[in-house]
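Common to both upcoming complexes is chain A, partnered first by chain B, then by chain C.
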Partner chain A sequence: MLYLVLEIDGECYGLNALSVTEVTPLVELEQIHEGPEFLAGLLNYRGRPVPVLDLRRMIKKKPCEKRYCTRIVIVEYPRTTKTLTLGLMAQKVVRSVRVTQEFSPMELRNAPYLGGAVVERGRILHCLTLEKILSPQQALEVFG
Partner chain B sequence: MRVASSNWERKQKESQGYAIKNFLVDRSMSILVLGTLLTVFLLTTATREMTDQIVRDGALRQAQALVQTFQSMAFSSKPSSLQIQNMVSKVEQDLKGEGQGVRLITMPANPFERRDAQGSGPLDDFQRKALRQLNEGKVPSFCGLSEYKGEVSFRYAVLLSGPEESPGVDLLLEVVQPLGSVRADIKRQIYSGAGILLGLGGLGLWFLGAVFGRLKNLRDHRAASESILQEQVQQLLSFVSRAADGDLTSDVPFQGEDSVGMLASGLSVMINQLGELVWQSQLLSRQVVSSLSEFASSALRQESIVLEQSHRSSTLAKAAVTILDSSLSVESTMESMTVVAEHTATIAASGQAGLETMEWTMTQVTQSVERIQQRLTELNDRAGNIGGVVTTITRVADQTNLLSLNASIEAEKAGDYGLGFGVVAEEISRLADQTAVASLDIEEMVNEMQNAVAAGVESMKQLAEDVGMGVLHVQTAADQLTLIMYEVQQMVPKFEEVATEIRSQSLLADDMNETIQDLEGVARSSVDAIRESNHAINELKCLAMLMQGEVERFKVHQ
Partner chain C sequence: MTTPGDKNCWRKIGVWGLESPRCELLELHLHCRNCAVFRNAGREQYNREIEIDYLKRRTEELAQPPKQVDKGRKESLMVFEAGARLALPCELFKEVMKSSPIYKVPHFKHPAFLGLVAHNGRLRLCCSLPVILGLDRQRESDFGFMVILEIQGELIVFPVSKLEGIRRYQASAIKPSLTSEREGLFSFSRGLLENNDVHLIDENKVLTSIKGALRPI
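And then the complex of A and B:
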């Protein structure tokens, strides 16, 4: 399975390549001042406004730095009956990796989005579970 | 004068002889009276002893007469007691003396009974003794002196046969005669005799006194006339001796026509004239002493003035020496200062040369800095260009990476159909990675270089400014130093002028010092001269005062 690698402060998080629509470069986002903190803004993605989550803020409580390697990953977020387009902003989104091993299962109450871990090229790679990346509360805040 | 005094002494000795004689005459009278008194006293004492004897004999006689009377009466017939009583009273009348009396004491006729008899009353010591003697029959009567009623009395006792009415009774007859009354009686007689004797003695003495008095009067008269003369001579002598002691004020005590009076007037005239002479000389000597005192005091004043002058001139000399010393030291200082100034001028000249070199060097440094700054600016521009190129490369690499990433995702989605595409995408991705890393490295290097160059440019700018300021300062300092050097060079000849002037001044001070020292010597010698003259004046004054003392010893009428 091919996984897109997102690095946040030296920690590697893997996202299934099948769930990724596209990787776009960092552009200026439309700021939403009344929105939650982890919402970086709205991206004009092919004529559609797509909410972009700041993963670094969600995990490390710090906003992403503006660099070449800071990119927005467009994904389809499954919500009950339909899927919604969502942008995930992360740093150092520069490579993909092919994982052949099974992920060792993991379930953490404070971090439900971590669906397991595997050692890849000597480094721990956490598997991000896209369905649980937002808590119901956060999903309500973003999508209503 | 010597002769007169010897005469006077002789006279005095003679008068002393007279006095001794008079004294002896007066004393012989007193001795006579004293002898008389002594005789009277001896007579009185002898009379007293005689009186006692006479009394004793008188009383014995009376008592014996009485006893004979009694015995004749008793032996002729036995008298009755009345007769005895009458007889006793008769005897008492005969006796008549005070305290005298006859006592009759009845006794037993038997001698053995009588031995222890007490009689009609208690017997005293005398009566007991008489009774014992009479009893033994050794003596017909017993007599002796014994105390009776507190008075020494002569007592006579005899034993009589008793009266006829009372046989067997004897009578002890006792006659008492107190010595005091008899003694008074006899004393009276003796005193009257002694009084007559004394009267006669006094008469004789008076006569002797009259004769002696007459003699004494004669002698006194002669002595009086002698003593008047002596007194006059004495007065003259004292007058002359007062004059000799210096008292010329006294007058001659007497005048007269006799030789002594003439002598006195002559002496008086002489002493008066002498007094006048002495008075004149006293006045003169006082004037001399006072003039000399004034002279001495003025000489002292002069001495003090000259001394002060001498002190002042010596002070002046010291000041002149000080001036000379200070001018010499100033001269040497000026010389050393000239040397220093010359040295300073030399140093300043060399300093100026150094400053010029330094200024040139600074200018060179400034130019170099400016060149370096230009180079650095160029370098900065080049680095900026490199940065732009690197940015472009980086952007391309980024785009490539993104493309490869999306391509690999799309290939994955295509499944087995996308395998080949996936490999291509992977290769592209690898290429992009290397490019990106290289460009990133270059970017960092370029950034660092740009930063360094910018900092270098800044510091070079600062350096250029500092150097410019330094050049300015150096220029100012050089200007000032030039000015100083000029001034110092100007000063050197002035110093020399001053030194010359001071040299001439010190020569003048030297001359002045010599003159003042001469002056001081003159003042010192004049002080010595004045001291000598002062000493001479003092000696003269002493002599004058001695003379005055000698003259003042005389008291004169003023």
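And then the complex of A and C:
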């Protein structure tokens, strides 16, 4: 399986490439006042508003830095019967890896989006489970 | 002394540098571009603070609605010159070869039939496409290449003066030519391409015409 690697403060997170539509550079987002903290803003994605999550904010409680390698990964977020377009902002989105071994399973109460880990080129790669990236409460806030 | 991983090590002890001793990692990687030090330095370039102009430009680009892509059928055509600019579907082309000698067949004269050409140990009919299409006679000095076409299972050799290459066209980009024209090039034309400059030839009509010309044999 091919995984897109996102880095957050030196930790590697893998996102299954099958769910990725596009990787776009960092762009200016429309801020949502009074919106939840993890929501970086709304992206004008080819004429459609798409909510963008700041993954560094979600995981490390710090916003992503404005660098060239900070990118927005456009994904199809599965929700009940349909899929919704969602943007994930992360840093150092510069490579992808092919993972052949199984992810060692993991189920953390406070981080349900971590679907396990493998060792890839001597580094731990966490698997991001896209459907659990938002808690039901958060999904409700973002998508209604 | 510079060691691998130092700033710009590839310009000092690597392939772009002259310092000695040479980098020991070159033994393993042969070229700096295969080395993780160089790769990581490249990735580090992306770690710069983003410029506001770039950010604004990309924001604008990403907001543009997607371009409508014509998903219609595409045709791969070989464009070549033989009396005029012509095109034929790629799948008809079995081989393209340098011009080779044409053996005349005695006691048989037809302007469209040039003779026989040896190809892979077999003799193939060699015909003149411009004559069939009602264009000028082909001069032998114009025989730049010979193309071997397979039309309805028949392999026929045609000398051409120039091969322009393979182009892909949307089926909608091929404009139908005038159907009222019954003579000459237009009667063989399936359509026109590139500002009506290139004729897409109907290969079946060419074969019918060749069969008609060779009937006495």
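By definition in this document, the second predicted complex is superposed on the first by the 144 of 144 C-alpha atoms of A that agree within 3 Å, B and C clash if a C-alpha of one lies under 4 Å from a C-alpha of the other, contacts with A are read in each partner's own complex, and residues count from 1 in each chain.
Criterion: a residue touches a chain if its C-beta (ideal position, glycine included) is under 8 Å from a C-beta of that chain, and two chains touch if they have at least 3 such contacts.
Keep in mind it's a predicted model, so treat the numbers as computed, not measured.
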> Touching A:2 in the superposition: chain B (first), chain C (second), both, neither?
Replying inline: first
> Once the shared chain is lined up, is A:43 touching chain B (first), chain C (second), both, or neither of them?
Replying inline: second
>> Per the contact definition in the header, classify A:17: touching chain B only (first), chain C only (second), both, or neither.
In response: first
>> Taking the superposition on A as described, I'd like to know which of chain B and chain C A:142 touches: first, second, both or neither.
In response: neither
> In the superposed arrangement, which partner chain does A:94 touch: chain B (first), chain C (second), both, or neither?
Replying inline: both
> Touch check for A:86: first (chain B), second (chain C), both, or neither?
Replying inline: neither
>> Once chain A of both complexes is superposed, is A:70 in touch with chain B (first), chain C (second), both, or neither?
In response: second
>> Quick check on the superposed pair: does A:25 touch chain B, chain C, both, or neither? Answer first, second, both or neither.
In response: both
> Residue overlap on chain A between the chain B contact set and the chain C contact set?
Replying inline: 24-25, 68-69, 94-95
> If you look only at chain B, which of its residues touch chain A in the complex?
Replying inline: 394-395, 398, 401-402, 405-406, 408-409, 412-413, 429, 433, 436
> Which residues of chain A touch chain B in the complex?
Replying inline: 2, 4, 17-18, 20, 22-25, 68-69, 71, 93-96
> Which residues, counting only chain C, touch chain A once they are in their complex?
Replying inline: 43, 45-50, 54-56, 58-59, 62-66
>> Taking the touch rule as given, give the residues of chain A at its contact with chain C in the complex, in rising order.
In response: 24-28, 43-47, 65-70, 92, 94-95
